[in-house]
Structure formats: C-alpha cells, structure tokens
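These notes open a run of structures that come right after.
The following pair of complexes shares a single chain, chain A, combined with chain B in the former and chain C in the latter.
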Partner chain A sequence: MSDDASLKVSVWRGAEAGSFETFDVPMQESQTVLDLVAWVQQNADPTLAYRYACRVGMCGSCAMMVNGVPRWTCRTHVSKVAKDGTVEIAPLRNLPVIKDLAVDMDPFFDKWTAAGGAFSPTKSRDDTVEPILPETPERREADAAIECINCAVCYAACDVVSVNPDYLGPAALNRAWSLVNDVKDGALDARLTAVSGAGGCHNCHSQQGCVAHCPNELNPTASIAGLKRATVRAALKGRI
Partner chain B sequence: MKPHRNHPLWYAFALHRASGLLLALFLPAHFWVLSYALTDAAALDGFLRWTDYTMVKIAEFGLVFLLAAHMFGGLRLMALEWLPWSPRQKTYAASAVALSFCLSTLFFLSAV
Partner chain C sequence: MLERHDTDILILGSGGAGLFAALHAQKAAPDAKVTIAVKGLIGKCGCTRMVQGGYNVALGHGDSVERHFMDTIKGGKWLPDQDMAWKLCEQAVVRVRELENEVGCFFDRNPDGSVHQKAFAGQTYDRTVHKGDLTGIEIINRLMEQVLSRPVERLQEHRAIGLIPAKDGSGLSGVLFIDMRTGGFRFVRAKAVLMATGGGPTMYKYHTPSGDKTMDGLAMALRAGLPLRDMEMVQFHPTGLLAGDHTKMTGTVLEEGLRGAGGHLLNGAEQRFMYDYDERGERATRDIVSRAIYAEMRKSNASPKGGVYISMAHLGPEHVAQKFKGMVKRCADCGFDLAGGKVEVVPTAHYHMGGVVVDPDTRTALPGLYVAGEDAGGAHGSNRLGGNGVANSTVYGGVAGDVMGAEATGALRDPDETILDNEIERASHPFAKKPGNSHNLRTALQEAMWDDAGVIRTQSGLERGIASVHEIGAELMEMGVDDTTRAFNLTWHDWLNLRSLCDISGVIAEAALARENSRGAHYREDFPEEGDLDTSYYTLATQKDGTLNVGRAPVAFTIVKPGETVLPDGEPETMVAAE
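Entry: the complex of A and B
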C-alpha cells in the first residue's frame, strides 16, 4: 500500500446538533476505524472527543456508528468498511451525544440497573462455595449470555429503543437472562417483574438487529425470548 | 434504507409488518364485497367478474402471497417466542418466503 494513499474520513462534530467534518487520513496496513479517529485527534484536531480504552475488543468503550452501522471500532478494519475511499464515523445511535463521538452511556447502564442487572447473592462469604456444573441447561444459558462487554452496539442497532425510549434494550435484558439462569442468584421473581413491565422484554419485535451486529456474536433475541417465556410462566403461576 | 437494517431478519420483520398492514386494509373491503351475497347477488357477480381480468389475477397472486407470508411469518415468530431457541432463524424466514411464493404461484397457475 502506497504511503501517499489517503481516505476521506467524515467525523461527526458537535453534540446532538452538529455536522460532519471531513479529514484526509493516510491509509496504513491493517488500519482500524479507531486508528482513523486517533489519527484525526493526534494530527488534525486535538479537540476531537471520543472514547476508547483497551483497543483489543475487551472493554466495550469504542463503539461508534461506522457508515451507519454500529461497530466496535478497535476491531473493525478499514478495508472491511471503506466505500470508495470514504468512511463516515458518527456517535452511537439511541444515546445522547456529549461531544463529537462520545455519547452519554448513563441511560444504557441505568437500564441495566432497572432490569435487575445486579447479582443478588443467596450465600455469604462464610458459606461453602456452591459447586456449579457447567453442563447443566441453566448454566449453558447463563454462559451463552454472560460474555457481554457493554459496548452498546446492540442498543444502537435496536429500532425498538429508537421508538420507545423506555425500552430496556437488548443488553440489559440479555444480562437479566444470564442472572435468571444463575442458580446462585436469589432475586428471580423480582427480576422477572422488572423485565415484564412497560419497557420490558415483551416490547421486543424480534428484528434481531442486536444479533446481527453484536461484535461478540451473542444472541440477545434468544435471551429476550427466554425472558418472555419465563415471565409468562411466572405470571400464570401467580408469582409476578 | 438505514444501513443498520440491512440484514435478512429485518427484511423478514418488514415483510411481516407490511403484509399485516395491507391485509388489515384488504379484509374490510373483502367482507364488504362478501356481504353482497346476502343483499345483492347481482352486484356480487359483478365484482366476481373482475377476476376474469389478468391484472386482477396478478393482484390476487400478490394477495395470496401476502396472506401466506403473514401466516408462515407469524408461525416463525410464535415458534421463536414459545419454543426452545433454534439457531436457524434465517433459514426459517427464507423458508417462509419460499413457501409463500410456492403457494401463491400454485394459486396463480390454477387461476390462469
């Protein structure tokens, strides 16, 4: 790849109101979208605001809209997304923009709390450690949902969140499902009540954008379908 | 089309929603025409003669496709929500469309 080749990179500037600003960024081998943003901030405009931490797809900090699709930018190669030498980078959808590419994640994590995302222990440190067999159906369900890195890509991909700001969203409900299947957790009915309210799991339209875009290939739609069945069973039994 | 919607299961959602809305618009007209069987048989025969026109047959093909797509798509969604999860969601959606096309084509071939 020649050193003088460059990309036209359009970056969102401003808050909710703003516009795209275009930069010429040199192309490099194995360049990621986060590399583009870092180049702009380090070489063209140091006032550019964005968020990242680990750069290896573990922390979930650097998600942005890339050509209209939510992606983790540190693991997205430019060669995969550039169209005719251009890339458009915008802040994540469905979250308030603080400045440029940095969004306010508070609504996202508030919904984790609202969905009963905190583990509720049934034992204290004085009790013996409970053996958990990995091959049990409950543990398999919990393990499938537990690898979420909180990047909010699914939240940005969800059209239900767009039209219903009260909807808890795929990540919070996926977290709730992992705890519903955790035999060590002691807040099952309270959690099922939390996820079956006005903004709960029954709002999901099963469009499966969360599944299509999750960078960790998790399946929040399957988790939400599990919650729908669990909440209906609990309601029929009069527990919630 | 927003780029984040460009995946097969969003198209399956869109087809289910569009077919549902179009059927909701069609059904009142359908029952209104059927009511002529009780009140005005000659008027009903007049409506039924429309089905001799090729354009109406093509429209009926579209109608049967919408009906079948909504039925099979609905079965897919009910299975998704009430049965143990299957990873073959795209296959089921594609199968629903293929079955709907086969049914509506069979109807069309028998109508022409």
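Entry: the complex of A and C
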C-alpha cells in the first residue's frame, strides 16, 4: 500500500434532512471505520459530530450505518467494508438524528423499559446470593440472550421497526426473554403483558435482520419466538 | 445564553458509582429530586462497563473481610487510607448481594449453583466474582435498567465544566455544564452533588480508558481548591494493543489472562525476556511486567511499531481461540491473529489511584460536594488490585447516595456569580482565538507524559515533562476553535478535554517529583527503594490562586501497622495454591 493511497469517505451531514459529503482520507494498515470518522473531524472538517466511547465493542455508542449496514464502527476494519476505495457512513437507522452521525438513543431505551427490561427483585441485599444451577434449561435460555450491549444495531436492522415505530424491537424483547427465564425475577406476568401489547412480540415477522447483524452473535428472533409461546400460554391460562 | 435549573441531588457520571448513587439516593430520600448528568449517554460512557476481570469480595469459605483488607493494604504498599480500604472490603459483601438480589446481575456459578470466584493477581484467596470476561457490561446494563425505569431526571451529553461555590462561602452551590447537543451553558443548583466522573489517565500516549475520559472531574476539583492525594499513582497495564498512532484501537487492553495462561512476551528480536527481570517470568505482577517491557523498548529491543510481541501460538491456536474467544475475535476484527500469530503490545495507562481527598462517607472539604469512584483518592494507595476498581466504585457510589439522601435537607445555595461568569469565560476562551488543530497538541502532551512521567521516572525527566506540559498548556490558550456552531461541536470539546488533561498532567508530574521513593505504580529510577514503611507518606496537591502546591502527609495506620496483620493467629499467609 503506498503512502498516498486514500479512500473516498462519504459522511452524512445534517439531521433528518441533510446530504452526504465526501472526504479523501489517507489509508492506513490498521484502520477502523471509527478511525475514518475521527480523521475527518480532526483533519478535514472540525464540525463533524459523531459519538464513541470505549473503542473496543463494549459500550455500543459508535454504531452507524456503513454502506447501508448497521455496524460497530470501532470494530469494523476498513478493508472489510471498502468497496472500490469508497465507504459510505450514515447515522443509525430507525432513530432520530441529532446531528451528522449522532442519533438520539432515548426511544430505544424507552422501549427497553417499556418491555419490562428492568429486573424485579424477590430478595434483598440482606439475603445470601441464591444458588442457581448453571445448566438448567431456564438458565441456558437466560444466558443465551444476556450478552447484549444495547448498541441498537439490531434495532437499526429491523424492518418492522421502520414501518411500525411503536414496535418495541429486537433488543428490548430479547432482554425481556432473558428475564422471563430468570428464576430470581418476580414480575413474570407483568412482563408478559408488557410484551404482548400493540407494539409487542407478535409484530415480529421472523425476518432475522437482527440475527444477521448482531455483532455479538445473539439470536433475538429466537428470543422473540420464546416470548410469543410464553405469552400465548399465559393468555390461555388467563394469567395475562 | 445561560439556562438555570434546580434539583435536590445531582450526580455527575453514570458508571458504577453514579448509577448506584442514584438508586441509593432515591431510596434514602424518596421525595427528593434526583438528577444524573453525564458527558455521554447514561450507562454507555465511562469505564465500569469495560471491566473484564471482575469484582473482589470475601464471601466466606475460608476467606474474610480481614484477608481482603490485608491484600488491599499490601497491594497498595501501605499507602491506602485504611478506613476507606476497610469499608471497601466490608461493604463489597453487601454490594455484591445487592447486585445479584436487587439489581438483577447474574454472576457465573459453579456446577453446584454457588457463585464462582476466580483467581486474580496479588490476592491470597480466589475471590473475584465475575460474569465471564465481560463483568462490567453485566453490572452496568443491569444498573442502567434500574435507573432508567425510575423517575430520575437525565441530563445526557452534559459536560460538567465548573464546580460553583455558594456566594456566602457556605459550600457548593451547583455545577456549570455545557449541554453538548445545543452548545449552550446550563447551571444546575443542587443541595448535594456527587462527582463520579471517573479519572482515566488518557494523557499518556498509550491508554486504556474510554474516549470520553479526560480528567474533567479532577480538573474542576483542582480549580475549586480541593486537595488531591496520590496524584503520582498511575497504573499501567502491561499489554495494550499496539496498532499504530492513527487508530483508536491502540492502547486498548489485551487481557491479563493471556499471560496467566502461559502466553510469551517476545522482544523485537523475538526472544523471551521476562526471566531477565523476574523469576515469575510473564506471570510477574503488572508493574514489573510494564517496567520490563519499557526497559526492552529503551534498549531498542522493540518490535516494528515500538513495543514487544505477545505470542500465544505455542499453546495451540485452537485452544487459544476457544479459551480467549472475545480477545481473539477483537484482534481479528482489527486485523490481527492473536491465536496463531504474534501481536504487538505496549504498556498502557489504565487507572489513576489518585484523586480528591474524601472521608469514608464520600464527603469532601467543600460542604455539599461528595466524590466517589476513580475521582476519589485513598482506597487503593499506590496500586489498585485487579477487581478492586468496580468494587470501589459500586461500594462508594452507594455510600454517597445514602449520605446525600440524608444530608440534602437544607436550602439551595445561591452561587457566586463572579465565579460562574469566570467559568463560562474560561470555557468560551477558544472562540476568541484563531482556530487551530488541538489534536497535534494532544499528541505532544501524550508523548511528553509517556516519555517523562510514565512507567519509569527520574527527576530530570519529570522536570522536563513539567516544562513541556506548561508549554503545551500555554500554546493551547493561543489556539482557537471555529465558532460557526456550538451544537455538538466535538472540536470545542477536544479543546476542553485537552485543557483538563494539561491541568492534571502537571499535578501528576509534580507529585511524582515530590515522591522520592518507588512504591507500587510509581517508579523512580533515581530512588528505586520503597523507603521506610513506618514513616510512609502520601502526596497532597492543592491549587490556590493559580499556584500548585505539592506537599506530603503521613499515612495514618488506623487499623494495622507495617509488619502486622489483622488476620487471626495461625491463619495461613495465602490460601492460593502455588503454581
């Protein structure tokens, strides 16, 4: 690679209304999409807005649309996404744009709460930690869904969210499924009620955009299928 | 231009300390208005989320609070504030039960269902509770959910820029912020304020903390005249990824477990070197390995990018890929083969033990201001044990919430309007200057701190470093920022970040100069001995009228003296089997 090789990087400018602006960014051997964005802000246009924090795929602050696909920009090597020397970077889909590449994530987290995403305790700090066998079916289900970092990549990938803004979305429902399987939790029926309403789990068409794009290889579609079964069972028994 | 806002309890930061404080404050004072303000998004910025290792806690079965305490004191080389270290160890037991039973964390279990506790360096019992190697994500996600589901006021992307005292001198009035999304100033009065912004030594060329961390809290405390202790104590992690100066990947941690599992460190000539420095080889403690790597780098035994290699392939690439799945995937995403190849690494600034002087109830010298987490000094002394960081932030965040809930009862204090104006003026300073690129200055600061106030220090180096920091700080004051729009203007925040980093870099270097011995994370090549333990001192830095004063204060051995122990007679020195 020669020193003067560069990439054409198109970056979204503006808010909901706006346009792409293209910058020539020098190529480097080890370079992530986040590095491209930072280079533009530090060297070409100091007014560019974006968001990142941890740099290593733990905080989920830096997700953006890269060539139309939602990705963690900190963990996406440029060589994986550059096409004919170009990369297009846009704010995450399905969330309001604040400025340029930074979106308002509040709707995503409001839905996390609305889906009953907060644990409901049955014990207190005065009690010992409950022994829980790690290999029970419930715990395996809960664990399979638990390593979500709420980056909203799945939410941006979801076509149901884009046509139905009330849909709770894959991340919130995946969290609810983890809690439904948590034997320590005390709000099962309330949570099943929360996820079976108008914006709930039954909206999912199992198109699996979430599964295809989750950087942590989680399977929200399977979690949502679990919720569908559980809510139907609970409804038949008259619990919800 | 200035919006004004009132609350009862104001919390700066949303790591382990800030989120726990919000929950506890609301429980302690259910009628109080609680506001959480954070530089990024709630639960997403800061460093608790990045905790890989786990949470140190004595849960019995032969372990005890006394044993955890002795490990903390010895690890901190007798410099910790003993009352703080004791409370840390004692309350960690309660806090872990709270995390599991009330917050909803699920920590890894043994096959019999009991909580699994793993080995961590420098401890005499395998006591580290964890969730795989992503413990911080589990803790912060669960805490965040609890806070978001409660009526806590959120001020996100609000950067704190000044602690504003009351005009009558009775204490703290409130905090001045920049609402980063609009670029406007907002002053928030509160009866009690917790500062839990998390230190984060990002003024070094190689560093691990998240990008939002720039010592803003300590810089505000310094300007407010609060005493800071142990400021020379910067912990370096030995193996940060080295991928070039242009990428944010550089400096991020490759986990300790790689060395523990038998990974080799190789110098530029691809030779192992750790046994030249320590009989434990690669398994020596963080400080020793960091100094050894740095010494190899100084001897020009460096890898192409200027570090050393970590090599795992001899353990079997498939085995490595399975055992360190997350690390191998992270390296692969960035273009490196950790399982089968060699990856360049370098010591990287990880944690700052120093901070604001507080009492064990998180109170400071300024009534109305409380400090917890990495912003507070004392609990770790000269060195933090792996697994004590998240214990510290969650324990003391909860304590702060309890104490603020009980003490935030009086009236709001009116601010000193002159100081408020001065702080606005200070933050607006770059708009009056010709725009430049502060990124180059930040690089210069990071080079200076790395070379002259880093892993190995000397008097002449520190003096050179201090001069460089002053020059860079002066140059920054002549460098401007374009004022076309202040909304989400990251370049303005880069300027403010660098201002905070310059201010605290100067204190770190001055404190390092004042400590004429080598303790824990602080190593002086010209004073390599640890000094007399019985007359141990800690450094104390205070700024008054723009002049920094660094002194020494004797460590009070309030619980145990050097050479003694609080373990009962006949207790074994260690309960960890030798390798």
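The rule we apply is simple: the second predicted complex is superposed on the first by the 240 of 240 C-alpha atoms of A that agree within 3 Å, B and C clash if a C-alpha of one lies under 4 Å from a C-alpha of the other, contacts with A are read in each partner's own complex, and residues count from 1 in each chain.
Quick note on the criterion: contacts are C-beta pairs under 8 Å (C-beta built on N, C-alpha and C of every residue); 3 or more make two chains touch, one makes a residue touch a chain.
This is a predicted model, so every value here is computed, not measured.
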{"item": "Clash or fit, chain B versus chain C on superposed chain A", "value": "fit"}
{"item": "Angle at the Cα centre of chain A, taken between the Cα centres of chain B and chain C once the superposition is applied, in steps of 10 degrees", "value": "160"}
{"item": "Chain A residues touched by each partner, larger count belonging to chain B or chain C", "value": "C"}
{"item": "Partner chain(s) touched by A:125 [first = chain B, second = chain C, both, neither]", "value": "second"}
{"item": "First, second, both or neither for A:133, with chain B first and chain C second", "value": "second"}
{"item": "Partner chain in contact with A:102 - chain B first, chain C second, else both or neither", "value": "second"}
{"item": "Which of chain B and chain C A:67 touches, first, second, both or neither", "value": "first"}
{"item": "Chain B versus chain C as contact partner of A:213, first or second or both or neither", "value": "first"}
{"item": "Partner chain in contact with A:93 - chain B first, chain C second, else both or neither", "value": "first"}
{"item": "Lowest C-alpha to C-alpha distance for chain C against chain B (Å)", "value": "20"}
{"item": "Residues of chain A that lie at the interface with chain B and also at the interface with chain C", "value": "none"}
{"item": "Interfacial residue positions of chain A with respect to chain C in the complex", "value": "28-32, 34-35, 38-39, 41-43, 46-61, 74-77, 79, 98-100, 102, 105-106, 109, 112-113, 117-135, 142-143, 146-150, 175, 179, 182, 184-185"}
{"item": "Residue ranges of chain A in contact with chain B within the complex", "value": "65, 67-70, 93, 156-157, 159, 205-209, 211-213, 219, 221-222, 225-226, 228-229"}
{"item": "Touching residues on chain C, where the partner in the complex is chain A", "value": "40-46, 49-50, 59, 94-98, 100-104, 106-115, 132, 134, 136-138, 141-142, 145-146, 148-149, 156, 181, 210-212, 243-244, 246-249, 252-253, 330, 333-336, 435, 437, 439, 481-482, 484-485, 487-491, 494"}
{"item": "Residue ranges of chain B touching chain A (in the complex, touch as defined)", "value": "2-7, 9-10, 13, 77, 80-82, 85, 89"}
